[in-house]
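What follows is a structure written as structure tokens; I'll ask about it next.
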Amino acid sequence: MFLEIKDLHVKYGNVEALHGINLHVNEGEIVSVLGANGAGKSTTLMSISGLVKASGGSIVFDGMELSKMPAHKIVAAGVAQVPEGRRVFGTLTVHENLKLGSFTNRDLAHIKQTEEWIYQLFPVLAQRRSQLAGTLSGGEQQMLAIGRALMAKPRILLLDEPSLGLAPILVKAIFKTLQEINQSGLTVVLVEQNARAALRLAHRGYVLEVGRVVLEDSAENLLANPDVQNAYLGGGGH
Amino acid sequence: MEEFFQQLTNGLAVGGIYALIALGYTMVYGVLKLINFAHGDLFTLGAYLGLTLLTSLGLSDHVGPFTGASILALMVMGLVAIVGMLLERTAYRPLRESPRLSAVVSALGASIFLQNSIMLIYGAKFYVYPQDVLPRTTIEIFGVYIPLMRILILVVSLVMMAALYLFTQKTRVGTAIRAAAIDQGAAKLMGINVDRVIMLVFLIGPALGGSAGLMVGLYYGQINFTMGWIYGLKAFTAAILGGIGNIPGAMVGGLLLGVIEALGAAYISVAWKDAIAFVVLIAILIVRPKGLLGERVAEKI
Amino acid sequence: KSIKIGLMAPMTGSWASEGQDMKQIVELLAKDINDKGGINGDQIEILVEDDGGDPRTASLAAQRLATQGVVAVVGTYGSSVTEASQTIYDDFQIPQVANGSTAVRLTEKGLKYFFRTCPRDDEQGRVAAGTLEKMGFKKVAVLHDNTSYAKGLAEETMALLKDKGIEVVFSDALTPGERDYNAILTKMKSAGPEAVFFTGYYPEAGLLLRQKMEMNWNVPFLGGDATNNPDLVKIAGNKAAEGFYFLSPPVPQDLPAQKAKDFLAAYQKKYGAAPGSIWAVLAGDGFLAVTAAIEGAKSTKPDDLADYMHKKMKDAQGLTGTITFNDKGDRVGEVYKVYKVDAEGKFVLQP
Amino acid sequence: MNRRNLIYAILALVLVTSPAYLNAYWVDVLNSVGLYALLALSLNVILGDAGMYNMGHAAFYAVGAYCGAILNTQFDVPILWALPASAVAAGLFAVLIARPVIHLRGDYLLIVTVGIGEIIRIALINDVFGITGGPNGIFGIDRPEIFGFRIRRPHEFFWLIWGFVAITLFLFHRLHHSRFGRALNYLREDAVAAEGSGINTGRYRLAAFVVGAAWAGMAGNLFAAKMSIISPESFSFWESVVVFMIVILGGAGNMAGVLLGTFLIIGLPEMFRGFASGRMLVFGLVMMVMMVVRTQGILPPGPRKFKFLGLKGEGGKAS
Amino acid sequence: MSLLTLTDVTKTFGGLTAVGNVSFTVEEGSIVGLIGPNGAGKTTTFNLITGNYKPNLGKIVFDGRDITGLPTHRIVTLGIARTFQTIRLFQRMSVIENVLAGAHCRMKAGVFSGMFKPPAERREEREVLELALAELEFVGLRDQAENLACNLSYGNQRLLEIARALATKPRFLILDEPAGGMNEQETERLLQLIRKLRERGITVLLIEHDMALVMRACENLVVLEYGEKIAEGPPEVVKKNPKVIEAYLGAD
């Protein structure tokens, strides 16, 4: 198994946010994680990346135990994340942000090539190459955050609400891109509020509720599940 | 006119020292947003360690004055860097996630601690560097007297600034330092070892401060355990003047502050010179609220 | 039962070496008296408080001494530090004998319990102006450091110089505690004085001399009594210090009295070196004045002591000569002398 | 809640009875603590409540002290009568100097206030307008008199100073729980959002400075009355730093914390006297350790409590 | 009657024209949507209306009064309130304290009445507390009143921003992506809330990328691209506009 999370517990101070999550991702899959606000989706992704430390359980990625590894080593092992709230480096330029994405990657030719590819993917970014990231519009920053994560040449990409604040046309474009890069072999974990679009893209999905996994199934089954429809797909849909 | 140029060189010499200390200040500030009030005391420590090493090793007798001084400088920088790193570990690291001013108070505590440690170890009296460690030649150009030491101070500051600037702007690690300065969490997500980056910064900053201390000892000869306080404040002022966090800014701010002081003393009043310097500082900040070279990103709302 | 006498001295801060000497001298003198059976049969106990050479610390130190039952206090060194403690001792009615604080004002307030064993700056100003006149200078620069002592002395002297028709071509204040005084020296040089009178303290004087030499400026320098400390030569270096004049009561090795010679020998024996400056020795005088008063008045009551010292004490034996106080609490007698630093850095009394 | 009030009451009682069993020295230490408490409480309005980095508070203290001293020595105004004048002088001074720099953020404001403090000190040393007495300062300030009773000894000053602290606590507590107090907190948390909520942030920045300065001015007046001599050294940069440390260490924005901070920073070094010359070393160490252990300050402020009971739409739900 | 009118408003950053010659009006009592691609200048337009930025050119008239260049707090007092695209609550303060921030501009007490608490001050305090609780009730956060803002979930934080804005007693409310980060169920509740706002007589200007929400909530849309207005009209019409489809909606 590519990524396997077993009985993951996470605490913020004294409050436990995750009460034993079990989740796995196979190589080449897109796995979607759904859940209401505060269910623990972001916390799960952050503990995979090592930014919050697990208080119990294990996270194994390609045979490596991540839960005890420092964050920078996890990234070097091939885990990249597009964090919630984008967190681009505001006073650095777009170009420098992308450069930093490839911090663990020393293959210069590949870096250049990926950067060009990202500029094709998001032409606005090419125009804004030397603008400071902090002055980009919300959507532009989101594109930059995705581009930056791709620069790391990851083996697994964790996305935390990538469609947040993006224009519909871009949401479509990004989801299409995700599908493409997935088809070229990249494994993807996708956290989304836009559940319908996410499930259409994903192979499998998980539903989180207050720090626990309450449902796990194939994407089609989840889409068809009346509970899921009620809770996350806004009932009837359009 | 002669007097003007003489005063200008006087100011540049003082400013060179300010700049050197300010570089270390700005370096640390840039990453941790921490006003390291203990920086001035690391500077003092540099001066004292320099004196101890100088008198106990007698380096220049063996290898010549300049090589001796360079080796001495490296040793002092190394030792002060270690103290700086320990300081970061004990007094600043636990405060990384807490309000900024908490760390400032911890830094003030560290400053008091360091200053009094030096006093207890060396005693409260003035110490005097041996004279003529470096040749004390003064050259005269068109009636302007320039001691060689001053040229040395300026050159060292400029070289350090250029090196630091290139390092932070052009290298991979330098970019990592800047990224960590903005958002440590996001930097970790880039695979940057943030603890290492901060440690590095706390090696470089104090080392620069220590080297400035040694320089002051060698040039002025007289040191005492409280001197870091005034120098630290001046250097902090210089860093702000140039735009804190900005490396060329520290240089510009330092030199400018030195020159303002000298010209203020020369043409207005010696007794008021510090007040004049602050008035100029305030005037500049009113016009440029982020200092001379500080970044001026309008906050995106 | 023992008699407690307080000593307030700069044990830390920039004048710490003076404070250390003061303590050693007073303690040695006290031991001497105790060994001989004390005063009126009582042993003496010395309580030392650090004033840090700083007025605020001094006011706390004074409070502390005042509440520990001392009958009198000796000290302290700098005028501004003494001034901060004066009213406190006065409120507690404790006689205070300062040893280095020469500012005129201190005894002009009509405080009943304040005395000093050092001379006053009006005398020092007179000697300074006289010396400059005698040396034949027509244009002088006066520099102080904006402490109350230094500024007072500078103003005193300038007024006298004006009367003598000597032009003051430059007068300003430096900031003590800095390292680089080139800007001031450059400015002063361009005013073209024939001599410079610096009224500040020795750490700055040393730097001024050294930097003056580095800019190849050979103007004679005269210093006030606060430059009288061997550290001056260490800071400036022998070469730069050579030829520096300063005013001071006689330095320890020039004290004529046999009592002083004996004491200095004993001191040297005990501590390995002679006291650095005269000021610490004057603290010894303060202590001797207090003990003489206790002995003479046969009392430790503040009013008795103060009265005795003001009116009855005549030519009590001190280290620097005999001690008599006038109504204001000032010591009677002219003591300022001119010294010059020689090539070895020794202080040589000028005829 | 009730337990906390009980603790406060006990502590207040201990303090009020302390002159009965402390000697003059320790009472004087308490007086010192009281004066610094006033200063720290006034700085707390600027630094703690409004979040503006002011490291030049000694400037306002100085203006108040000199105003009182000059009125007293030159115009024979009884020193306590000059109290309002000291407040007004320091407040006006704050309006003058703070207005142009009030928009500066964070560390830039910090260094500017340091600068203002230094400019004032240097001006005092150089005897501006010929009324400050230069380095000598002003001496011969009358002892304060209340109802014909002349205050001289530490035990007498204790009541004057701590009485003033009590009044200050009472008024500032109310101010904190008012529209003004809340506005300063909004400003501290997020100025853009505060402005966007309709708060005139510029005006409140200035107002915070004026209130803080006026109070520091009155503290200065009391200081002058107590010392009977003031000089520029009493208003050095270090004084500003000490007050700054008190506020942050105690818990910026919480008056109980600030008071506790004052006792620690001003009182503790006195207790360390046993360490002789090492006492400042211990002090520095203790400060580092306290900050590291209590990273938010010893008693950080909490959210305000409101009584919802009895309001419209409240079905008797107690809070 | 039109409540807000923008006439040829332009804002540049350095060489970049974020908003260029934009004109539109908002009728009193309506709900208008402002849409457009990322970086089109929507948020900037909001910031111009609320005085966070000053326009380089053009005029903004609110309720017959020229508000161009007025400071933000004045504009709020005149009756325009807003929420922020990136949440800007007073995170370490309680929910009720956050709402009281909005009520500030409707109060009078100053320093002295704060210290001396005359009856008028006490009455005023009680009134705003009631107002604040009522607004919390309105957005459904009444039971969170004493919680810290940072402890609220993302969606609830957005609602709290709305409550704070409402406490300023606005006539005109500007919402910048209020549904961002909400799931569909929460979005549905938001839609109800926006409709209730209109019932209270508050005019709403809304930026949102959630087309489902925009289509259902708004009666009029203004579309920006590259800082310029490219379309305007009722949702059904705008939706079919080829320019809008190409630039913003994308073809299905």
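Chains: A, B, C, D and E, in written order; residue numbering restarts at 1 for each.
Definition applied: a residue touches a chain if its C-beta (ideal position, glycine included) is under 8 Å from a C-beta of that chain, and two chains touch if they have at least 3 such contacts.
As the structure is a computational prediction, the values presented were derived from the model and not from experiment.
Trainee: Give the chains in contact with both chain A and chain E, ordered by label.
Mentor: B
Trainee: Listed by label, which chains are in contact with chain C and with chain E?
Mentor: Where chain C and chain E share a partner, that partner set is B, D.
Trainee: If you average the CA coordinates per chain, which chain's centre is most distant from that of chain D?
Mentor: It is A.
Trainee: Using mean CA coordinates as chain centres, what's the chain D-chain E distance in Å?
Mentor: That pair's centroid distance is 40 Å.
Trainee: Can you give the whole-Å distance between the Cα centres of chain B and chain E?
Mentor: Between these chains, centre-to-centre, one finds 48 Å.
Trainee: Just the number, please: Cα centre separation of chain A and chain D in whole Å.
Mentor: Each chain reduced to its C-alpha mean, chain A and chain D end up 50 Å apart.
Trainee: With chain centres taken as the means of their Cα atoms, state the distance from chain A to chain C in Å.
Mentor: That pair's centroid distance is 76 Å.
Trainee: Which residues does chain C have that touch at least 2 chains other than itself?
Mentor: Within chain C, residues 11-12, 146, 173 contact more than one other chain.
Trainee: For chain B, what residues touch not just one other chain but two or more?
Mentor: In chain B, 119, 124, 269, 271, 274, 298, 301 touch at least two other chains.
Trainee: If you look at chain E, which of its residues touch at least two other chains?
Mentor: Residues 13, 43, 52, 84 of chain E each touch two or more of the other chains.
Trainee: Which of the chains are touching one another, listed as pairs?
Mentor: A-B, A-E, B-C, B-D, B-E, C-D, D-E
Trainee: Once bound in the complex, which stretches of chain D touch chain B?
Mentor: Touch list, chain D to chain B: 53, 100-101, 103-105, 107-108, 110-112, 114-116, 118-119, 122-123, 125-126, 192, 237, 241, 244-245, 248-249, 252, 277-278, 280-281, 283-288, 291-292, 295-297.
Trainee: Mind pulling up the chain D residues that touch chain E in the complex?
Mentor: Against chain E, chain D makes touches at 171-172, 174-175, 178-183, 185-186, 189-190, 192-202, 207, 211, 303-306, 308, 311-314, 319.
Trainee: State the interface residues of chain C toward chain D in the complex, per the touch definition above.
Mentor: Going through chain C, the ones touching chain D are 11-12, 50, 54-56, 59-60, 63-64, 66-68, 80, 83-84, 86-87, 91-92, 103, 105, 109, 146-148, 151-152, 173.
Trainee: Mind pulling up the chain E residues that touch chain A in the complex?
Mentor: 13, 16, 36-40, 43, 85-86, 153-156, 177, 180-188, 209, 211-212, 247-250
Trainee: Show me the residue ranges of chain E that touch chain D in the complex, using the header's touch definition.
Mentor: Contacts found on chain E: 50, 52, 71-74, 76-77, 81-82, 84, 88-94, 96-97, 100-102, 104-105, 107, 109-111, 113-117, 121, 124-126, 129-130, 133-134, 137, 145-146, 148, 164-165, 168.
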